[in-house]
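One chain, chain A, appears in both complexes that follow, with chain B as partner in the first and chain C in the second.
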Partner chain A sequence: MGRYLSIFGTFARACLVRDMTFRANFLLECVTSLGWMSMNLAFYLLVFQFTPEIGKGTGWSREPFFAFVATGLIINSIVQALFMPSAEELTEMVRTGGLDAVLVRPLDAQFLLSMHRVDFSSFANGLVGCGLLAWALTRMDYAPPPIAWLLYPLLVVCGVAILYSFVIMLAAATILMGRNQSLYDFWFYLTNFSRYPAEIYSGPWGGPLRALCTFVIPILLVVNVPARVIAQPLVGDAWWPVVGAVAAAAAALVISRIVFQRALARYRSASS
Partner chain B sequence: MHNTADATDRPSLEAVIRVEGLAKEYRVYDKPEGLGASLRGLFHRKSRAVEALRGVDLTVNRGEFVALLGPNGAGKTTFLKLLSGIITPSRGTARVLGHVPWERADDFRRRFALVMGQRNQLWWDLPAAESFRLHKEIYRLDAARFERVRDELVDLLGVRKLILQPVRELSLGERMKLELVAALLHEPEVLFLDEPTIGLDVVAQHTIHEFLRHVQAERRTTVMLTTHYMKDVAALCERVVVITHGDILYDGSLAEIVDRFTTHKIVTLDLDEPPAPGALERFGFPCEIRGPQVVMRIDRSRIADVLPEILRGAGVRDVSVEDVPLEEIVAGLFRSGRTRPAEPAEATA
Partner chain C sequence: MSSDASPTAIRSGRLAECATRLRIWWTMLAICLEERLAYRGDFILGTAMRFLPIVTQVFLWTAVFAATSRSDIAGYSKTDIVAYYLLTMVTRAFSSMPGLAGGVSRSIRDGSIKKYLVQPVDYVSFLLAARIAHKLVYYAVAILPFAVVFWICRSYFPPVPDAATIAAFVASLLLSFLLGFFMEATLGMLGFWVLEVSSIVFAYMLVQYLLSGHMFPIDMLAGIPTGIAGVDVADVVRWLPFEYTAYFPAAVWLGKVQGAELGRALAIEAAWVIVMAVACRIVWWRGTRRYSAYGG
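Coming up: the complex of A and B.
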């Protein structure tokens, strides 16, 4: 474990050195990312000009909802910073045979392929997310109990683990298919579902969609569960999603690992 | 197969690579031409099996420097990829350093290295020193050993000044030297080199030859090299394996390949004056006449008799006798292998 941390540290250091080499590009990425996030926040502020709550009786009034948004920002920034750059590069590595160099290293290939690039500019959103969370929590009528503070980081990690598992399965698909850009687009559309409270998925269409995105592809657990734990009281059956998120994260990690290993066994490499 | 040197010839040596019946079959899809055919291809695709390697047997002993020769698409790189565990075979067995390569055990991967001349393994935007540092972590090298080996390698290749320069700013030759340093930092017992001198100038080629010779001799590294440059082979390899269409066509010493597959020698004469038409035909075949300079092909069995006669007869100022260039011999071997039929099995999906 220590060795893997040390290697990850070397990767992170190298990426930081590279980012600093291309400072203008790094700053532009930060600005672009923060600009996109600011527009989203402005949009939600506009929405709350017309309604005090998203869904009647859901508990997602303005401040709790911004705690939800902040949680989404934190989780997505971790995934975008640590895993997505490597996953996006994988298509090119499979197509050109660059993956060969990874497979001859005495290290876990999944680790090497999913964590060899770190995009530090994506952490900017996470930092703003932390600030937004602090702002929302200080303005809420509800003060989260100590158990919520303990569960929150754990559930954020579970959310990251679920998204990471999706990334790994897409990587496996890339290895099998050789090229897989459309699936990455699909991943982006799918993760869009995680950006909103689960309660909005109701009615004849929303209900089945919610069930699908909770029990089959547990994307709705990613942000909803930690956000609910920190922003709303843990009463009644509120514990079940917590258990579900932990179980879903564990299952997703195991399944994605199996799928990835099988894909690697079928890797064809590219002609030289 | 004109097999002359396999494991049975070297019973007392330690076999580092042992391959039996190794085969790799790929299924490739035919891409039809035209929009209509492409649309039909969405629903009904024609595929065929391509045998990149057809049941190869080979044993390589510790410390050998083996050249793997063959025309493009012969299966050389596929062979190296199988031996380094990058891909899995369709059938057959292989053991490298006692391990099945495609099981990708860490203990195995720590003991070999693969360098591909057409692929860059160093971080492109960063100095090579950063990639070396990563290698130190990946291969768990202690600091003292890492520094000793790195310094030795960079000094041997004369690239000490380059390790702090971003890789993207280096020339192809400089990059390849640093790739070799990176590959050898963990002192691998087996080194797979896939066209390491491709595109390099003669000076860089020579430096790399000297370096590889030195490293192999010092460490008794087992090296398998694929190349299209016969200079690499002549400079480095005592054993040559020729592959065509996925089969081993020849496995033997470099000296033997010349003896076995050439029937004549090249004799270059520098005469006092241009020869009279037809004057030299009785000795052999004059393949090039440029004024008083004549290049002839003379049957090897006759050379001892013919040469004194030539020297006695005409005014010969200078004479040189050489073997047929290795490129020509190997090209002849490739052509003979090309006659083997390829029988792809067709299927649809």
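Coming up: the complex of A and C.
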């Protein structure tokens, strides 16, 4: 474990050095992702011009909703920074045979393939997320109890773990299929569902969709559970999602690990 | 042609020239059609997935309407807003030009644009033919998922408008295709001056997404002050060409723009197309004059 941590530290340092070599580009990337984010925030501000809350009686009024959005920003920025750059490279590695070089190294292949690149500019959104969270929480009527502050980081980690497992599953699919750009688009569209409170998915179409995205593909647990813990009172049934998110994260990590190992076992080198 | 040629000879010469041009266009179109059809499986999947973000938008607005006591927001009822988002999908299918600006700037950067400079083919026409082919294939494939989604959501739509409105809708869509094409092609040709246009393209996409009505109906910006007396944010957006690439055709179908106002808006859209086409030409002429053919 210690060895892996120190290797990861080396990777991260190398990426930071690289990013700092092209400083203007780094700043541009930060500005870029901040641009998208502020546009989305502007949209949410506009929505709250017309309504006091999102979904009747859900408690997602302006400040709690912005705490929700902030949580989503933090979780996604961690995933974008730590795992996505490596996963995106994998497609090319499978096609060109670069994967062979990874497999012969005396390290865990999943670790190497999913964590060898760190994109520091993606942390920019996470920092703004932290600021937004602080803003929303100070303006809310409800003050989160100490237990909520303890659970929040844990649940954020669970959210990251669930998304990481999806990335690993996609990587496994890439290894099996050779190449799949559409699957990465699918990833983007899938995570799109996690961007709003689960309560909005109701009615004859929304109910089944919510069940599917909670129990089968637990994408709705990623942001919803930590955001709910910090922004809404922890009463009665509110504990079940917490337990569910921790269990889902553990299960997702194990399942994705198994799927990834199976996929690697079926990998046949592409290069000559 | 000699000065003593008969009028008939001149006419037949012109006809032959026209025929050659048409043939060139047809060849360009055919090449691009074949290119696009090579990846049809990927295509169908990609098209169907593009509806997924709309699904979340529909649920979001349904939740907003459930929580508010209003019957409409900026003139859009609960069903209107769903119809609006679906219609902007149609508009974007016409006006979005994925990879156009990036492709143009790349061919300038790596020098492959030389090939068009020495061939008896006009580059802008080639790009346009390629785009038309691209779009034709796209519609042929996309019509299926579009039809399914629109059929499922048919109850959200108001009754089908009259023939004149439908004609205006089709005209606005065709113009939005041309507008989107010339705006992005012009943007890509900035590559003659700056090596990497991706950040400019990104900024454009950002502005376009926000101000075209793709994200929300522009009417919602009415009443938000800009700081200038008597001018709100919606007014500023209306002075820009972006609304014609998403909002306008959808608004036409939903009957938000009618009568004399509709004619005027269509004329403004056409004027924007001409302005951008001329801008594209000017940038091309100036750019090729300073171009020094990098790359091998």
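Everything below uses one rule, namely that the second predicted complex is superposed on the first by the 272 of 272 C-alpha atoms of A that agree within 3 Å, B and C clash if a C-alpha of one lies under 4 Å from a C-alpha of the other, contacts with A are read in each partner's own complex, and residues count from 1 in each chain.
We take it that contacts are C-beta pairs under 8 Å (C-beta built on N, C-alpha and C of every residue); 3 or more make two chains touch, one makes a residue touch a chain.
For clarity, every value in this text was computed on a predicted model and none was experimentally measured.
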item	value
First, second, both or neither for A:Tyr201, with chain B first and chain C second	second
Larger contact residue set on chain A - chain B or chain C	C
Partner chain(s) touched by A:Gly131 [first = chain B, second = chain C, both, neither]	neither
Sites on chain B touched by chain A in the complex	26, 77, 81, 84-88, 102, 104, 106-110, 112-114, 116, 118-119, 121, 123, 125-126, 130, 133-134, 137-140, 166, 194-195
Complex contact set, residues of chain A against chain B	3, 6-7, 10-11, 14, 17-18, 21-22, 96-98, 100-101, 103-107, 109, 265-269, 271-272
Residue ranges of chain C touching chain A (in the complex, touch as defined)	42, 45-46, 49, 52-53, 55-56, 59-60, 62-68, 70, 73-74, 199, 202-203, 206, 209-210, 215-216, 220-221, 224
In the complex, chain A residues that touch chain C	28, 32, 35-36, 39, 42-43, 46-47, 49-58, 181-182, 185-186, 189-190, 192-193, 195-197, 199-203, 206, 209
